[in-house]
Amino acid sequence: MSLTTTSLTTTLPALPAFAWALVALFAKTSLTSLLQVVSRARAGVFPIPEDARLMRGRHADDEAPFVRRCANVWRNDTENLPLFLALALAYVLLGAPVASAQWLFGAYVLIRYAHTAVFLLGLQPWRALVYLSGMAVCWAIAARVLMLAAAHVGA
Amino acid sequence: MSLTTTSLTTTLPALPAFAWALVALFAKTSLTSLLQVVSRARAGVFPIPEDARLMRGRHADDEAPFVRRCANVWRNDTENLPLFLALALAYVLLGAPVASAQWLFGAYVLIRYAHTAVFLLGLQPWRALVYLSGMAVCWAIAARVLMLAAAHVGA
Amino acid sequence: MSLTTTSLTTTLPALPAFAWALVALFAKTSLTSLLQVVSRARAGVFPIPEDARLMRGRHADDEAPFVRRCANVWRNDTENLPLFLALALAYVLLGAPVASAQWLFGAYVLIRYAHTAVFLLGLQPWRALVYLSGMAVCWAIAARVLMLAAAHVGA
């Protein structure tokens, strides 16, 4: 049993780095949801009829600009976070070194927090630059995943 | 070889609980897609032109209320399921105990089925309460993930 | 240490197949983003105000039909790819045989590339048929996941 536990700890040394990055990103999306709910309640316009009744607001599709920004942040996160998480986990399972994983996952988390901030504040060309940085980190992980997968097959 | 198989079974005891929860959630999203396709065909309004031609319906963006509800369920699932799945898998990989995983994953699956039901039926404040319950389960998993990750590093 | 590495290689023989499928799907979504950005810039209509200012275009919600097609491809991918990735990874972790994983994951990747192509070209009933093929592959993986999970518990 103790041997088995040791195996996992030594074969997946970057697993804690993945865990921290994942929870940090989950915290970010939880904050986005909170921000969206609060700003929608303040605007008093609800695209779903029972929400309008519950909050005694107006039922309409023309949400306030900031509420739409929150929805845009969420849509961008649904497009990007699952692929990052899958790439990061594949990297960990293929035996990613701790330092490399900490650097790449940490950079991605910081970049996505920055992306959310500049998206909510409406800052261009910063949003484009930050978005491309996040993509660069994902492709850096993808390249390492392919190299380790190739070595894995050859082993 | 048999030793190796034993390793995986003993190091990842909660993997079957993850597998069942995943397939149960996949079944839920498959049902949502089916419901959306059927209700869109009945309404006869299609936002994509070639779909309108194929189904001999009207090409327009004003989808029927129930079709929009199905789209809302899907959007909510794309925002929430990938993060739950990543958290649950991280928990399993960090050596989650079977009972804890079965309880947390099972609760989440039931809560998300209930969320879909109350969203389609338009029931508030139930949808808000069920949504927050799902978030509470995810944060309970996240807390355990962080604790196990911290122990993992210290080991 | 060398024993440990051998364990992972022998217990998760299908991990490289997952890695290749994941990177292939990530490449597809990266191409979709590129196509969306380029076609939006050509159309000159931007739903986000700071993007319109940056690109000296018009700020409006009525995006060009092809830009909307790219958004539809992305939305369909956010609904389907995370669940496929989770199912494929669960299959790998439960000890999927290499040949089965290569066949199922490879088929899914080809099917999703075809789905994107027919969605962008507006071809029906091909899109419906290709979509259902992708769902069939996912359910084939799900069935294998449940069988392995059941064996895992019994072991």
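The chains carry the letters A, B and C, assigned in the order they are written, with residues numbered from 1 in each.
Note that a contact is a pair of C-beta atoms (placed from the backbone, for glycine too) under 8 Å apart; a residue touches a chain by one contact, two chains touch by 3 or more.
Because the structure is a prediction, the values reported are computed rather than measured.
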{"item": "Equivalent-chain rotation between chain B and chain A, CA atoms, steps of 5 degrees", "value": "120"}
{"item": "Copy pair chain A, chain C: interface residue numbering same or different (half cut)", "value": "different"}
{"item": "Rounded Å distance between chain A and chain C, as computed from the means of their C-alpha atoms", "value": "17"}
{"item": "Junction residues of chain C - those touching two or more other chains", "value": "7, 78, 82, 89"}
{"item": "Residue ranges of chain A touching chain B (in the complex, touch as defined)", "value": "1, 4-5, 7-9, 12, 15-16, 18-20, 22-23, 25-26, 29-30, 33, 48-51, 53-54, 74, 77-78, 81-82, 85, 89"}
{"item": "Touching residues (chain side chain C, partner chain B) in the complex", "value": "7, 10-11, 72, 78-79, 82-83, 86-87, 89-90, 93-95, 122-125, 127-128, 135, 138-139, 142, 145-146, 148-150, 152-153, 155"}
